[in-house]
Amino acid sequence: MNINSGDTAWILASAAMVLIMTPALGFFYGGMVRSKNVLGTIFQSFIVIALISIQWVLWGYSLAFGPDKWGIIGGLEWVGLRGVGTEPNADYAATIPHQAFMAFQMMFAIITPALITGAFAERMKFKTFLIFILLWATFVYDPIAHWVWGTGGWLRNFGALDFAGGTVVHISSGVAALVAAFVFKKRQGFKTEPMEPHNIPFIVLGAGLLWFGWFGFNAGSALTSGALAAGAFVTTNTAAAMGALTWMTMSWWRNGKPSVIGAAAGAVVGLVAITPAAGFVGPLQAIFIGFGAGVLCFLAVQLRIKLGWDDSLDVWGCHGVGGTWGAIATGLFATTAVNAGGADGLFAGNPQLLLVQFAAVAVTWIYSFGITFLLLKILDRVMGLNVENEAEMKGLDISQHGESAYQY
Amino acid sequence: MNINSGDTAWILASAAMVLIMTPALGFFYGGMVRSKNVLGTIFQSFIVIALISIQWVLWGYSLAFGPDKWGIIGGLEWVGLRGVGTEPNADYAATIPHQAFMAFQMMFAIITPALITGAFAERMKFKTFLIFILLWATFVYDPIAHWVWGTGGWLRNFGALDFAGGTVVHISSGVAALVAAFVFKKRQGFKTEPMEPHNIPFIVLGAGLLWFGWFGFNAGSALTSGALAAGAFVTTNTAAAMGALTWMTMSWWRNGKPSVIGAAAGAVVGLVAITPAAGFVGPLQAIFIGFGAGVLCFLAVQLRIKLGWDDSLDVWGCHGVGGTWGAIATGLFATTAVNAGGADGLFAGNPQLLLVQFAAVAVTWIYSFGITFLLLKILDRVMGLNVENEAEMKGLDISQHGESAYQY
Amino acid sequence: MNINSGDTAWILASAAMVLIMTPALGFFYGGMVRSKNVLGTIFQSFIVIALISIQWVLWGYSLAFGPDKWGIIGGLEWVGLRGVGTEPNADYAATIPHQAFMAFQMMFAIITPALITGAFAERMKFKTFLIFILLWATFVYDPIAHWVWGTGGWLRNFGALDFAGGTVVHISSGVAALVAAFVFKKRQGFKTEPMEPHNIPFIVLGAGLLWFGWFGFNAGSALTSGALAAGAFVTTNTAAAMGALTWMTMSWWRNGKPSVIGAAAGAVVGLVAITPAAGFVGPLQAIFIGFGAGVLCFLAVQLRIKLGWDDSLDVWGCHGVGGTWGAIATGLFATTAVNAGGADGLFAGNPQLLLVQFAAVAVTWIYSFGITFLLLKILDRVMGLNVENEAEMKGLDISQHGESAYQY
Amino acid sequence: MEKIEAIIRPEKLEAVKNALAEAGFIGLNVVAVTGRGTQKGVTHIGRTGEKITVDMLPKIKLELVVKSSDKDRAIETILGSARTGVIGDGKIFVSPVSQVIKVRTGEQGEEAI
Amino acid sequence: MEKIEAIIRPEKLEAVKNALAEAGFIGLNVVAVTGRGTQKGVTHIGRTGEKITVDMLPKIKLELVVKSSDKDRAIETILGSARTGVIGDGKIFVSPVSQVIKVRTGEQGEEAI
Amino acid sequence: MEKIEAIIRPEKLEAVKNALAEAGFIGLNVVAVTGRGTQKGVTHIGRTGEKITVDMLPKIKLELVVKSSDKDRAIETILGSARTGVIGDGKIFVSPVSQVIKVRTGEQGEEAI
């Protein structure tokens, strides 16, 4: 097997671009919280990079992509990256060093748990947080990644399509966020006090860098540098754009003014929704997927508020709902005309795929819901999830880290 | 035709790098306005990404690069990207997927109208803004792009050189900015009240990211990954550096202190000026081009103030003048020793090219001036350009978007 | 010699990624200073990009990489990039344009002096600063770069390993910082007044972008896009992660709370330490290198405080100590199993390399210490290093640049 | 007429403002201050690990000018809505105001409040 | 001596400051406050679309201490330059000051102003 | 009881606060203000090169309410720790306070200070 220098260049660049998405997420979330919690929030993203980078090298990669056991988990053969060298692994990517594939996948393993942090923003104990992330990555992310992407993974064999992580990344984290909203104590003053974003430019900065990095996320998932990557690049951009326009329009129509935060959120949900479909559909389908994401996620956020769930930064409404829509839209719009390696969806005459996608979505929902619930309940008992009232009032920055973000 | 994976990797990476330039521009501009207008300003850049991404897919790309009609416009054959697939299009770039070329060009189509937003910062109605951008892209950008870069475009056939967009991007937007300065009502308090930048670190952040992205802009315009890209990379960096040093020195000499904003602006005008020349000159010429940009644009800003034009953030002085200098400097310094596919300029013994460049500049000035004037006058009549006085006083953030950037 | 498009794509992308590290450093440092000095601090990074870009083109590259003279310096044959064209230079990188190699190296020449600025933050005269940087680059950086990386350089011939700049970049600048801490007058109020970071999110932003750019720095130093780059990518990420976790844990244990700034600094020192080793070791060694960096640099900072040195932002403790540890760790952990073009270290049965590394470290310490001391002493006499007391009190932003960072 | 200056906890601002509005006291000003009192401050950890005890805490100063006859009612309203019973609740200071003018109309005295 | 506290519109600060300087009143302090009065506030739209009516608006509080004999002139100057005639123009409060000391010299009384 | 308002240089805040604490004056408030006096301002250079002279400088206003009998000692303490002798040292204003209430306990008068 020969390493292709162009493919390798693209995957390494993509991995770097996906890495920057996690600090970007920190700013996207950090701008949304009150100024007393900005460090606590940004840091939850930042430290996840460190934590999962080590977890992935030590055992995560092996669990997710290692030699398959019964279709449900990778073996421990690759623990500590034993045998994961620079020779290509043809099962995953025949033209790039195996370590390049591993590193690219690592960035996905990092950002997924970081996404959840928006759900319990402004109130989680830092120590419990670290443990939770490690457990969640190991018991939720790694198995699901194996099912969908691992050689021999049962959902993969079942025929489920997920180009860059609609189920693995977005549904898994979005559903975990929903569980968190149920299990955590609500923030003091939730629904009675204003808890408005303290720095909207940070939100836009985060959204801009996320958009940038998402090209690595989706177009990098082609794992080669050619037609498939270019196609995924275009659908990604198109869905993001349409998501932004749609949410902005929804906010205009509902609240009388076009919201800046809304457009930023809209871009993100467009990106979320196109993720599973990026390499299976064309640009016009991407417009529709972005549009659907904008409408559905906007409504999901409204619903969440009406139901009084304290999902602090609407991770469920954006990633859970957006990822679900994307996975199902893949079942609707996928076509082998775009990607011969994919499958035809409903509109290409194959209703079968839609059912498979529904099944994959359902399984991911149920599994992530169940295990996350278990983990959080146990941790709540053992270490406590919420910070003390006093600490919450002072803010996470001072109470958890002894630091205060701004001194003017 | 075969897709080259290295070329594709470079163009996709470049396209992503150019994408990040538009949010970067938002921060560059957003830092310069008063804090009550920062969201309105950043958002004008952000939403242009969304708007033009869709416009480009639906009809913009077809108008600019579609099958030529009489040398002046592309046909509608490629509307909705019909026929724009992943096979290379040898007319434009023989070694990368056609969609990669399309996506790369899209990023140019996005940033160009975004550049104009600096001219009417702190005072434009958001609704009119959206319509203006759509019309301007369609009636100004797309035609000029076709003339200069489209197969069969008349300026291209005429022999005008524009490596990465001196006329198409910078003159077109810089002149449109000048028109805006004439047509818009001046900001209340212009020349009587201080309107100083509210966040200079944001300006530097924007400039840094613009510099980064400009490597994609210019070196990506080689459309291959090799000698030409490397050469353009080096001239780009050199001109930026010299522009920064020059403007800083000018401000030091004129005002007694070396200005941080000046150096940031200087880097940008150096980048603007090298844009048309990047692949046609060597590093030493780039020093001279950067130097000229620093001097001329600095003086243009002084002139603009003396004449009392309210080009809020000096788009004309930077992009209009910088782009004009760059296009002419291409006529002076271009040499086939650097790029056999280019042409020789005056100093390489060919005065002809200089005349052609002058003509191309003149045409771009006149066309952009005329159509922009028309569009703005019509929109002023129909929808109004300026926000109400009260709304301007409150700031765009609250009046246009109902949001307030910072809560400490 | 043929240009490889994939290798070129990776090196150009890497060069752009390294470029963004210097503004990132500006934010990393700028967030740490008091708000009256933020522009002065960010600007010292920003303007170094401009200054060294020109110096490098005019004479720096020739001194560092030009035809060798007696093993200690490059000749002036390549002044003004004469003869540095787009043909590959097989001595340095056989598959990419010579200018691409030159540009990539330029980014290293830029960030190295920028690193020093943290040592005299909040107090250096801007005019003296400009001269200092030019002299330091010419008399310290360029020679050391030649010794270690230039064809015929004596440390290179001696067998010293430095994959991406442990000695050349980090020790040279870290030791220069130590000298600065000795030669500059201390800041007024040092040790008696709080001088806390004014914007910690900026620190995290800087650290995030540094991490991103460091992939270009280290994996780009493979100068090809393949196995070596992928390996360096992975070790880089792993050491950064471990550095962040380690410093965070140290701060937790010593001060009772996990520090956000500490984790950011920890990531940086992990990156520093892996720099010389990146292409010579595997991921598990990288964990150990990152761990050592976290522990040693944390302790170095404590020591620096106890000794009362005013190295404003701990450049010595992070880059001097981190770089030294990295260079020695290369002597411990390097193995030809990872990189046949490297060498075996102590643990691979070759104690020889460790001695060579010690020698290279010592030489770099002594040379950088001596010349930096000389330069600073002369400049102090001739132009003055510290700003006046009054100017220091008002802050560098107003006193040196006449600008004030924030207006709310 | 009397000026009432009340130093209160920031988190009580909404409650006090609303209570005052209900009691008919619309006009008022709010200033962000930092205050020192018997309440101990917050401990920051400096960049290099040193503990920094900040003896000042963020407080809100509410200022309102009222008719002398309304003074006691206003004070009662503030006390009722600002108290938590824990150290750090703040102080109320009352001082005389000799003249009040409404800028818009030039009206003076109690009319102008 | 008298302390004049004037709550004015932020956008009038330059004008008032200049008018005061012309009338010979150099010394003064400015504090950013937020105020509530008969003027209705601004409506923000929250992140999730809910309307948040902020009943407080940013205002500027100008403080200057003047000789009792200068008081009326100072008030006239402020009224003349701060008035727009629209709701929200603000208030002026006058209160007695018993003692003024210049820190630099220790001078007391009217000399110190 | 008396209210002491001291306008001081920001860089003297720590010194004054500590001196007051040593002299037994714990309770106080601090407000960031900008002030104009005989001291000339700072010159900024605008984005397009124009000189902008800002006649206002950042100052700190310290407010503390003390028993009348403590007044002179408090003033001495402030003068002693805030003076540099250079223009811009600031002013101290004293004014009467008729009533003080501790929010936490409702105590009144000198007890409440």
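All chains are identified by letter, namely A, B, C, D, E and F, in their written order; residue positions are counted from 1 within each chain.
Quick note on the criterion: a contact is a pair of C-beta atoms (placed from the backbone, for glycine too) under 8 Å apart; a residue touches a chain by one contact, two chains touch by 3 or more.
Model, not experiment: these values are computed from the prediction.
Interface matching across A-E, B-E or A-D places the copy of B-F, with more than half of contact pairs shared by residue number, at A-E.
At the interface between chain E and chain F, under half of the residue numbers involved are used by both copies, so each side presents largely different positions.
Counting C-beta pairs in contact across B-E and across A-E gives the higher total for A-E. Here the spacing of chain D and chain E, counted between their Cα centres, is 18 Å.
Averaged C-alpha coordinates put the centre of chain C at 46 Å from the centre of chain F.
Between the Cα centres of chain A and chain F there is a gap of 52 Å.
One finds 33 Å separating the Cα centroids of chain B and chain C.
Residue numbers of chain A whose C-beta contacts span two or more other chains: 4-7, 9-10, 13, 196-197, 199, 225, 255-257, 259, 261, 401-404, 406.
Across the assembly, chain D contributes residues 31, 44-45, 95-96 that each touch 2 or more other chains. Taken together, the chains touch in the following pairs: A-B, A-C, A-D, A-E, B-C, B-E, B-F, C-D, C-F, D-E, D-F, E-F.
Those residues of chain D that touch chain C in the shared complex are 44-52.
Residue ranges on chain B touching chain F, taken from their complex, read 32, 194, 196-197, 251, 254-257, 259, 261, 301-302, 305, 314.
Residues of chain C touching chain A in their complex: 4-7, 9-10, 13, 17, 34-35, 196-201, 204-205, 207-209, 211-212, 215-216, 219, 224-231, 233-234, 237-238, 240-242, 244-245, 248, 255-261, 263-264, 267, 282-284, 287, 406.
Of all the residues in chain E, the ones that touch chain B in their complex are 11, 14, 42-45. By the touch rule above, chain E contacts chain D in their complex via residues 2, 6-8, 31-38, 55-56, 59, 61, 75, 78-79, 82-96.
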